[in-house]
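In what comes next, chain A is part of two complexes: it sits with chain B in the first one and with chain C in the second one.
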Partner chain A sequence: MSTPLIWIIFPLAFALLLIITRKKPMLSGILASAFSLLLALAALLFPRDLSFLLPDQRLEIASSLELFGRSLEITGERLTMVGLLYGIVFLWNLGSLLYRPSLWFNILSISITALWVATLSVNPFLYAAVLIELIALLSVPLLSPRGVRTEQGVLRYLVFQTVALPLILLTGWMLSGIGSAPSANPLIVRSAMLVLLGFALWIGAFPFHSWIPMISEKSHPWVVSLLLALTQSALSVFLLHFLDQYAWLRNLPVTFSGLRWIGVIMIAIAGLLSAVQINLGKNFGYLVLYETGYSLLAIGLAQTGGLNYLAMLFFPRVLSYAIISLALSALWQNKGAHALDYKFQEGLFKSRPLVSAGILIGFFSLLGLPLLPIFPHKQMLWLLTAQTNPRLLVWVLVGSLGLLMSTARLMRLFAREQTAGAAVQPVREKTGFIVLMLIILLLMAVMGTSTQFLSPRFLEILAPFTQLVPIP
Partner chain B sequence: MYIPAVLAIIAAGINLTRRVWVVNAAALGLQYLAVFVLLLTVRPVSLAVVKLLVGWMVTLTLFLSLITDGKIRGAKAFFSFSAGEIFRLLAGLFAVLFMTVLLPELQAEVFPRSSLPLLLAAFSLLVLGLFQASLIAEPFYVIIGLLTFLSGVELLYASLELSTLLEALFAGVNLGLALVGTFFVIKDAEIPEA
Partner chain C sequence: MVIPLLILLLLAASAVITVSHAVKPKVSRAWMIALISALVAWLGFFVLRLYLPLSFALPPWKPDALFISAPSLELNYQNWPYAVSLVTLCTAVILTDSTRSFLPSSPNAWASAIAITAVNLIGLLAGDPVTLMFAWVVIDTIEFVHLYQTRLDRSSDAGLAAFMSIRILSVIALAAGTVTGWLSMPAFGMAQIPQKAGIYFLLAAGLRLGVLPLNLPVQNSRDSKHGSALLIRLAPVASSLALIANLPPGLLASQTTLHTILMVLTATAALYASAMWLSGKSQRKALPYWIIALASFTITCALNDRAETSRVWGVALLLSGGVLFLFDPPIRRIRFLPLLGLIGISALPFTLSAGGWDGLLTGKFTLSAVFLLLSHALLLLGFLRYSFEISRTVTGLEKHARITYPLGLILIVQTIIIIGLAGWPGVLTAGKWWASLVSLALTGLGAGLYLKLAAKLPLASVAANLPLYRFWTLLLKSFQQFLSLQWLYKALAWLMGQFGALAALLNRVLDGEGGILWSLVFLAVLITLFLSGVKP
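Right after this comes the complex of A and B.
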């Protein structure tokens, strides 16, 4: 028995078995939710030395699995991240019981999560580039299901993910043998450019971001939010692998300052563009870009402790995505992509109060308002940004103002009386929707009022990165 | 070794330029054959033949999806070119010429162990595939562009190092792309024209 077997091979095998149940959505959803919850809990509760003391013996679980001469390795320190990824897929599979975006949702969501775990655990980790390409291919049936014409956003997503592949692979080859060479070496500068370009393409950093709003406008919000939440969380940690492993990349003077600048530019652009959107789905895409900007900013602030806030932001951010996309899925249900246009949202406060509240709370949370779970961590990031380079803070402020305007526009729209003149009939929401919404809201409220609840647990994600995290 | 390199470039050029599905499928098959011959210079036959088999399987999958949908068009008026086709042809030609001029220096500086014909084929496939994937909006051609791009990546990487795991993953990615292409073709054909 080994950890890669438990968190990579078993889930892939389980996903294959789920194919049998794909035409029974309820059963498939329940099985997928139960299985992913089990994996998430196991990852969070497993002893970090991977050994169990039984009455008469000590049972040790191996941390690596050999495969074609390479290895998959999940050490105890990495299990928190694995737990987070399976926690995300649990929440989304639970939601799929209400809004089933595709027959393949449960099967592919578990497969994609297992592949993300493989991506973070393959040695040498440059091979992860090909796994990320496989993830992109598996995402296609979810993003562009049957009955919907293939949209440009999905094609652009595939192209960008494929183009990133050789950049990362070539870097791995170029740098084999270079542990720590002088940072002025042209080979090192070239490799750093290739790595960062590859990451920019993967994560949708500016100016390679166009596919994110395109797919979030046309694809089911529950699918988009799951895929983007997994991608954003896993790729942020994957970038830490690079920075931790390669001293040359860490020691380049432009690496961290470049990441900070890209981060704040993304925050500013995404915030401003969010303010002028006319479709809620597309707006959600810009929110994801806004948060990607914060992730890059936090990584850029690694030398002053920014990584702690990167790790603690993961879970509250996922909850914010979940609440927004749950509300958007309720609007999308039976009506499709056009139901998310702003022109249909007039009077939403009266017709669907819970849906409109979900959207606004998600927006306010991502904005970093007090009493919501993201606030304490974003506040610390603002402080660190100001201490490092006050000019960066201007860009953060511009982005925040943009997002604030976007939220104000939505509030005005939701409060406006419908132009048709007919009395607004409140829509009766599904019980499951109300329960799930309340659970997410409760979690957000508890995390917002007590910063010590859950968040510090996620600092363990940083444990493997001994070169990056300043030792207290 | 320049003959297979030139053949691969011609095949990718045809796919970039022409919009006749039966010709595109044939050109893709030819491209994989040329890549196989080039791979023989750096890989044992047993490994190189895997790429050929996967490549032909990919071609066949795409071809069969077009036949199933009844969308295969005959190669009529093969030698008459539209403005868009001339533009893509010229863009492709310039890119390959640019590569030919640039490659000796690149080889000396970055890839000293790789042969020039192999590098020429690899980088030309990379660029032509990228052009195709970015200049055209039709899913079938974007997939062919990505497959061409990946052939270039595989060829280049094969001249640098050998990894069985990577070979297996590349085979999976190629087959996955073919399935996605088939999925696009079939699902778009199911939707009635507005």
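Right after this comes the complex of A and C.
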């Protein structure tokens, strides 16, 4: 028995088994939810030394597994991240019981999560690039279900992910020659450029961001939010692997300052573009970019403690995505992509109070409004930014104002109650939707008022990165 | 520990009223619970005056090494007058609402009045900026829901989005101030706001009060008969006023130009709002102007480095305003009661607001000083006007209401007097007696002019027969248009539209067939800029 077996191979096998139940979405959803919850809890509760003391013996679980000449390694320190990824997929599988975005949702969601875990645990870790390409390919049936025309956003997503693959692999090849080279070596600069370019393509950093709003406009919000939540969380940690592993990259003077600048530029651009959108789905894509900006900013602030807030931001951010996409899915249900156009949202406060509240709370949470879970961490990031370079805060402020304007537009729209003389009628929401929404809201409220609830646990994600940050 | 107990008492009473009314409706029981809890809180705060300053630490954010915030509640000489004023207002609302106990919605209105008071107490007793932010968000949400439910024009957003955006902007300003303050003094409390952060805090309070920049609250709402509707308008103001009272001196010591601009803007806002207050259609319609005018006075005090003197204007806003606005239904026989509210606003020597002149008028005689003196006189005139306009005699009040209704108003007047005598050390002062004399003379002149014209002409046509009436009307309207900042909002909307068009073009370019190539072009541009040394 080994940890990669439990959190990579078993889930993949389970996903294969789930194919049998794909025609019974309720059963498939329940099984997938239960299995992913089990994996998440196991990851969070497993002893960090991977050993169990039984009455008569000590049971040790191996942390690595050899596969095709490569090794997969999940140490105890990495289990929190694994728990987070399976926690995400649990929440989304639970939601799939309500919305059933695709017959393959449960199967592929678990497979993709297992592959993300593999991505973070493969050695040599440059081979992760291949796994990321595989994830992109597996995402296609979800983003573009059978019978639906493949949108350009999906194609562009594939193109960018595929272009990133050789860039990262090329870095691995170049790395063999620069292990002990001085930092001024041109080869180092080239490698750094290739790595950062590859990441920019993967994560959708400006100017390679266009695929995110494109797919979020046309694909089911529940699918998009799952894929983007997993991608954003896993890739942020994967970038930390690079920075921790390669001193040459870490020691380049422009690495961290560059990440900070890209981060704030993304915050500003995403915030401003969010303010002028006319489709809720597309707007959600810009919110994801806004948060990617914050992730990059936090990584850029690693030397002053920014990584702590990056780690603690993961779960609150996922909750915010969940609440928005749950509300958007309720709008999408039975009506399709056009239901997310702004022109259909008039009077939403009255017709669907819970849906409108979910959307606004999600927006406010990402904006960093007090009492919501992201606030404490973003406030500290603002402080670190001000300490490092106050000029960066101007960009952050611009992005925040853009997002505020975007929220104001939505409020204005939701508050209008009559179109062409027809009164708005309230819609009865599903009980499951109400329960799930309330659970998420409750979690958000508790995390918003108290930072000691759950958040510190996620600091363990940083434990493997000893070169980057000491855990307090 | 007593501070949270009093707040919890109010919240618990609100919950008990709501639940008991839902289970078995009984108006008298609900009223009694509301009154007893409000009175206990009222007495409690008076007793606490003897033990100032008091503080209560809420659980700090963990891990300690990663978070600076240490939420707390504090009761000191800066916020005690506001706390007492708010609780007084709440008690008075419940007492005067006895005239409306026949309305089925009354118990819910009392429950919400008590809850609103409790939440606003958290805001004005906040010992640190983070607690204040939390309270503001809750207060704003309550106010937003209230405005949404009571708005008249349902086919538009009726200014709701602008209202909420301004409130959130004020929270952002507060957050920015907090971060700026932490740079020089980590985990500072409201009593030690660092000088560098002061301007952000002033901006936050100014935005909420509608003064900096001048913005009018939503006016497109139904007039509720309940006093809780008044409370929901006045209570949120209290926490902003308490914040202003805590501002450090030397806010803009190194930026004299900005200081001058802000002084002129604030004085202009005061003059405009007081003129609108005087010329309002009714006292309820003029309520926002009452708030803006007196809030401008408090901001002026802070800009003049005398933030502590702003308390008198703030208390006058709440209590003198409260006694006038709660005089509903207006009864001719007890018209003297709202007139007693003038004690709070008159600024005569040895009254509550006498010390307020020290904050408004510095040694120099400036244009701002003229505006402020004129504003004060206009405020007094308006107060007199609305008090004397009452001519109705209400009959059919229930027996208990004949006692409780005036008692509610007397309670406010009584609190004005007590705060004026012992609110904080040094409150009883002659102040700048000449200023109150000038203001009083101007008020007398205005009243005399009005009476003289009114004696000759029918009341309705007095204004129309003033010399150069059309010119003055046009001037006032243009002034009103300018200060309402609608032109600015329209300009911003136009700019936003242009930016939207540009963004749409960018979207089309990036989403189109050549999107990938354009991405590479943008990348090349970015790298070129970066390598050439251009910093974003």
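By definition in this document, the second predicted complex is superposed on the first by the 465 of 472 C-alpha atoms of A that agree within 3 Å, B and C clash if a C-alpha of one lies under 4 Å from a C-alpha of the other, contacts with A are read in each partner's own complex, and residues count from 1 in each chain.
Definition applied: a residue touches a chain if its C-beta (ideal position, glycine included) is under 8 Å from a C-beta of that chain, and two chains touch if they have at least 3 such contacts.
As the structure is a prediction and not an experimental result, all values here were calculated from the model.
Of the two partner chains placed around the shared chain by superposition, neither chain B nor chain C is touched by A:Ala42.
In the overlay built on the shared chain, the residue A:Gln152 is in contact with chain B and with chain C. When both complexes are overlaid on chain A, the residue A:Val276 reaches chain C alone and has no touch with chain B.
In the superposition on chain A, A:Ala337 contacts neither chain B nor chain C. Once the two complexes are overlaid on the shared chain, A:Trp173 sits against chain B while remaining clear of chain C.
Touch criterion not met for A:Leu454: it reaches neither chain B nor chain C. By the document's definition of touching, of the two partners only chain C reaches A:Ser400; chain B does not.
Considering which of chain B and chain C touches more of chain A, the answer is C.
Within chain A, the residues touched by chain B in the first complex and by chain C in the second are 152, 159.
For chain A in complex with chain B, the touching residues are 67-70, 127, 130-131, 133-134, 137-138, 140-141, 144-150, 152, 155, 158-159, 162-163, 165-166, 169-170, 173-174, 176. Of all residues in chain C, those touching chain A in their complex are 59, 61-63, 65-69, 130, 133-134, 136-138, 148, 151, 154-158, 160-162, 164-165, 168-169, 171-172, 175-176, 178-180, 182-183, 496, 499-500, 503-504, 506-507, 510-511, 515-516, 518-520, 522-523, 526, 530, 535-536. Residue ranges on chain A touching chain C, taken from their complex, read 152-153, 156, 159-160, 206-208, 210, 213-214, 258, 261, 264-265, 272-273, 275-276, 305, 308-309, 312, 349, 364, 367-371, 376, 379-380, 382-383, 386-387, 391, 393, 395, 397, 400-401, 404-405, 407-409, 411-413, 415-418, 449-452, 456, 459, 472. Across the interface of their complex, chain A is touched by residues 110, 126, 130, 133-134, 137, 139, 142, 145-146, 149-150, 152-153, 156-157, 160-161, 163-166, 168-170, 172-173, 176-177, 179-180, 183-184, 187-188, 190-191 of chain B.
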